[in-house]
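When the chains are written out, they are named A, B, C and D in that same order, and each has its own residue count from 1.
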Amino acid sequence: MPNGTTNVCLIGNKFMGRAHANAYLKVNKFFTNLPSQAVMHTVVGRNVEENQTFANRWGFKNTSNDWKAAIRNPEIDLVDVTSPNNAHAEMSIAALEAGKHVACEKPLAGSLDDARAMRDAARKAKKQKTSVWYVYRRCPAVALAHQLVKEGRLGRIYHVRAYYLQDWAGPDVPLIWRFSRKVSGSGAHGDLGAHIIDMARFVTGDEFDSVNGCITETFIKEREIPQAGSKGGIAAGAAGGTAKKGKVDVDDATLFLARLKGGAACTFESTRFATGNQNKNGLEINGEKGAIMFNFEDMNHLNFYDRTIDRKVQGWTSIMATHGGSHPYADAWWPDAHIIGYEHSFINQTADILSVLGGKPPVVPLPDFEDAWKTQQVLEAAFLSAKEDRTVKISEIK
Amino acid sequence: MPNGTTNVCLIGNKFMGRAHANAYLKVNKFFTNLPSQAVMHTVVGRNVEENQTFANRWGFKNTSNDWKAAIRNPEIDLVDVTSPNNAHAEMSIAALEAGKHVACEKPLAGSLDDARAMRDAARKAKKQKTSVWYVYRRCPAVALAHQLVKEGRLGRIYHVRAYYLQDWAGPDVPLIWRFSRKVSGSGAHGDLGAHIIDMARFVTGDEFDSVNGCITETFIKEREIPQAGSKGGIAAGAAGGTAKKGKVDVDDATLFLARLKGGAACTFESTRFATGNQNKNGLEINGEKGAIMFNFEDMNHLNFYDRTIDRKVQGWTSIMATHGGSHPYADAWWPDAHIIGYEHSFINQTADILSVLGGKPPVVPLPDFEDAWKTQQVLEAAFLSAKEDRTVKISEIK
Amino acid sequence: MPNGTTNVCLIGNKFMGRAHANAYLKVNKFFTNLPSQAVMHTVVGRNVEENQTFANRWGFKNTSNDWKAAIRNPEIDLVDVTSPNNAHAEMSIAALEAGKHVACEKPLAGSLDDARAMRDAARKAKKQKTSVWYVYRRCPAVALAHQLVKEGRLGRIYHVRAYYLQDWAGPDVPLIWRFSRKVSGSGAHGDLGAHIIDMARFVTGDEFDSVNGCITETFIKEREIPQAGSKGGIAAGAAGGTAKKGKVDVDDATLFLARLKGGAACTFESTRFATGNQNKNGLEINGEKGAIMFNFEDMNHLNFYDRTIDRKVQGWTSIMATHGGSHPYADAWWPDAHIIGYEHSFINQTADILSVLGGKPPVVPLPDFEDAWKTQQVLEAAFLSAKEDRTVKISEIK
Amino acid sequence: MPNGTTNVCLIGNKFMGRAHANAYLKVNKFFTNLPSQAVMHTVVGRNVEENQTFANRWGFKNTSNDWKAAIRNPEIDLVDVTSPNNAHAEMSIAALEAGKHVACEKPLAGSLDDARAMRDAARKAKKQKTSVWYVYRRCPAVALAHQLVKEGRLGRIYHVRAYYLQDWAGPDVPLIWRFSRKVSGSGAHGDLGAHIIDMARFVTGDEFDSVNGCITETFIKEREIPQAGSKGGIAAGAAGGTAKKGKVDVDDATLFLARLKGGAACTFESTRFATGNQNKNGLEINGEKGAIMFNFEDMNHLNFYDRTIDRKVQGWTSIMATHGGSHPYADAWWPDAHIIGYEHSFINQTADILSVLGGKPPVVPLPDFEDAWKTQQVLEAAFLSAKEDRTVKISEIK
């Protein structure tokens, strides 16, 4: 059993709140050698009744609808921010200033200014740890890809092909918060593109040099104002539309080309209109010595091509990344090929957060605000490339 | 929130104990309309210290190393038996006699006599509910297959092809309990074959008529006696072997042919020696109007072939069974294509157990002891067919 | 260019006649180092007009409706028999007696007596070469599997799982020749099962010890007598049915269990009722050190699992067997991953026949009548096992 | 049998010459209702000896090393140009001026000026038919995709994702003609990109509006001058390198973003450096009502997603496009699921050329020079977009 405890203040009780609460609930039951025990101390939300229901369900000891007070509670060790993107900066900075560790949902922020401020606050707060929930790094197959690249098994990287394809945003979906720039900062780009930019940086170990062209598109320009009421899932808030329409001011899809510093030529595509693909978060990397392919819909497998072996038996190897002793995080879970799912990436991330807070190394690198700022730069560079119709160097984004 | 509570006494704190505890922990947090709340009341195990660790980790209120006393506690509503197969009968029957509901791990028992006694005890205990953890029924894709067959989408069934392929039992694995007839009753047949027999019955809605030939094989006749110490997973207990060897007296693989009452001609294969397949629990059914294919290693998908549509677009459709509102159990979980894993089948089963105990129908039929007895008959018929080298009618197994 | 020529007399101008003619047409154009050039000398068929049309189309110099005369023509080197199974023996034996080489379609014969006579005739005809068109051996992926096993990459073989699944024989298909025992000898068993038995023998390099149970089934007992007229493909002859029905006296599906001499435990299934599978000719072999999987519908790939490499990167490798210099037959064809199809297996076989006739080794072993007799024994043993409801040793089939 | 004949003059006897000769050899043997019979009249090449060998092998009646004379022969009906890209214009235009029909390899030309001149020559030659060998249109699965889109099964198209991934051009490959701008016009872009641009236009039925950013990259800037001698396949001419190096002046990879006139947002990527992918020519299209995915390495299948059916059974359907009566070109070939390969797309195209020459409609539209000019415009627009770092409207390319 862990010696210490980590008291968590979770801000937000919606879809992401549930995923995080589940992670706190389970982490120490499966990762039995962590330096501390996560404690669900306080959940913060606007609606008192919803807060209480959430707390009862998940086992939070306290609730609050005053986040400023909640995060200042001296008992709190870690503030976990799952509020809409436009609130990330204020909350995270306040938490850092209150001396707390912060784990913030992705993307780092809804605007570049916010993101920069968060990065700066994190730089100042030298004693605290920050992290961002780019959880796909912790799918075992993605973590394995990172390890294989790090071992030199791909050699010089020629190409990255990254895509995050969803298809839920048909014309009938009403104007929920995800279609509002004010709340979200952007549409598919910040929601989905942020993940694949982070994954590409994480797995290649390289950084972006430039964005070399970008299309950003809103296919459905107007949508019905949603009725009061709530629905779960990605399209949360959509209990059906009303006759009145409002304008969509975020991107439905953003596609861009990029170069990495090491010379790789890359395509990135994020969209909510890729009919047939509900959550195809994919990454392909082709190197001189080998290649990898990953697709979240088949998240337990990593496809690996080893160009260095006997040509007779070369091919794509589908590695089921569930083998204890060989694959990252696998020891915590079930026997070989007894697969894990979406929620486990959150639990794996929570385990690494607890490790890092306890002074132990994470299984694979945990993105902090400094790291997430780099992803934010790429998001910004892409939009600027679309706006100004030109190549944008990442170094222009300051 | 549920009105009532269901106090659970869990017997066993090993691999299956963990899977069940995780299910009790999560079920009411994700299935929010169940008639009662699962309460982890007591965990029973032989080793006092292990019990305490397990109880602390999972939140059991009490521990016991006296199962007979524990199950009689008037506070207990449900006894959950995850002990070795040779203890199923004694524990389950005692629990029924004590007036408890019983959920027993599969197979129903390690011997036909035990299974028959359990069936008879369940018949007598008219007020109590029994169930058996044939959890693969509750993979959403398998439950969907059941529904599609029930809707008549396959028509007359010609073939069932079922296989449960693992490969962990190489010559280096020592003589753990899974290789002992006394403890397990059988090897691959009862461990893996029981699942695919149950799935075939569940999905087709048909019953076995006969076993028409059977090969049962022990590839590695002797194995090293295991060292003291413990290792998790399927090969639990295997901390490495010693120089001394002992005899394996169970099957490493069992293959049989069968006919269903409706006329289908079937193959069944269960093995621990199918190199390359760590948990390929597969079911294929070909009918006059359509067909299905399922493989646990890709558990979120059901493959469906509809022979009744325009030939031009006929083909195998890979259905990601994660859509809330359309697919069984999907509403409880994550957004579309945010996949679930092995452990979720246990949680889904627990939800249905709580439904049934509360007088509500399960999402898909829950196997009780009467039902599991039929699977046991087929297991027995297969061994008899191998032994006597002839076709065995299921009706011979009484 | 080849020095010599091989004058071919092709008996049969239907579906198989076309596949063979295409092979003679192409073989020397793609395999440019063969010891001789195939010459389409004479085509034999019952219908004079059809013969002439066929000869004109494919370039046969002569036609004949008198096979006995045709094969005796001193100019003929090779007699290729694609007539119905019940004519294989008479024609092949006469050709051998006339001093010709013989290439006969599979299965060797429609009856065991015929097969034995053919084997004996081949034994006597010491100067001539016989071969049987078990063409799937010459899918490059299957030939590669044979080579990998031969190199010892699988080690001791535990399991063979072979299935040949088609679905064309629904209740509406009339009573064509394929449903007649007199003409075909058997149904799915001889048509499809013969292929997978041959492939299993070829790839494992092992022989059958026994058939341990068999189901043979005719799902549709009566079918409409076909109208005059002809349709191509598998169901040739089916221009639609008439009101009158006749009895089906062959198997729609045959399933059996078997053991190889080396100890492998095996399942075999051949059926025309596996809805959704039009030509799924599959072979899976699990060995101590590795495993292979092949499925004709994806014929350019061999799946290979290497258990001897670093566990971290173990998995099923999908080998595209099209690489010149590495993969069997690939040098003759197109660039890497420019895939080949069904007909190429015939051309590859023709190349090997010409090699063998010219005294050069084939790329992989070519089945002669002696070899095909062993496959015939297994076919017979399976039917006997079904009939007598017992295990049948192959050595009983004499 | 066809009434007339079409005398073909084939220019070129290398890799493509072989693929075309094979098509002429086979087309009337499999497509038995064409209006004319292809006759291999004359093959043209520089090397007299190679010409003769080629003619002997394939059955050409005449050879010539004077293309200008050969194409003027009054017996010739159709001139087939498979020479390097820089010779397409001169030869095609001369052939048109000589009153011949022309079938030219893709891309239309190595330069825009050449392509324009060819288009203009075709416009003038009103009595003759032109066609370009964009053969992937005639993979049955691609032709089926075209038909499904035309039937309205995809609705409004949101996205096209096209990629042609090869990996043969590692640093060890010497400086063959494919790396020379003078001969080829471009590298991966014209070689591979031309195919996917054509396929996207063909399947969507839409035209490009603009190229919105482009990366063009030469990873290996210098390569060894090849030794004399020849090797087949894609890297023809590569018998190994010498110590002397020369400059590569074409692209190894070209990636671009584009918009179609109907509003679709698209990514295109062509590369010879996508390790692990030898011939992954892929096309994905997402529409409002449905979606398709195609990948040449699995060329017999089309993946189709129908969003209009019951959500319960929605998914990607893998259609084996081999069913006679339902799928384009399937009647000419083998029984269902007896798959075809790369070479069949050439034969299918030849069948359609013969149909068009005989006044009959092709199975799916055949690209003429006018059509191929539009693909050439997109190729050019992409390079211009890369050069000028801006969006380029297709209408700018004149």
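Worth pointing out:
Just so we're on the same page, contacts are C-beta pairs under 8 Å (C-beta built on N, C-alpha and C of every residue); 3 or more make two chains touch, one makes a residue touch a chain.
Only a predicted model underlies this, so the values are computations on that prediction, with no experimental measurement involved.
Using mean Cα coordinates as chain centres, the one most removed from chain B is D. Simply put, of B-D and A-B, more C-beta pairs touch at A-B. Centroids of chain B and chain C (each the mean of its C-alpha atoms) stand 41 Å apart. In whole angstrom, the spacing between the mean C-alpha positions of chain B and chain D is 54.
Distance from the chain A centre to the chain B centre is 35 Å, each centre being the mean of its Cα atoms. Within chain D, residues 277, 316, 320, 323 each touch two or more of the remaining chains.
Contacts from chain D toward chain B in the complex involve residues 144, 148, 301, 304, 306, 311-320, 323, 325-327. Of all the residues in chain C, the ones that touch chain B in their complex are 158-159, 161, 163, 165, 167, 170-171, 212-215, 217, 219, 253, 255-257, 259, 263, 265-267, 269, 271, 273-277, 286-291, 293, 305, 307, 316, 385, 389-391. On the side of chain B, the complex with chain A involves touching residues 1, 15, 19, 22, 25-26, 28-29, 32, 53, 56-58, 168, 232-234, 277-280, 296-300, 320, 322-324, 334-344.
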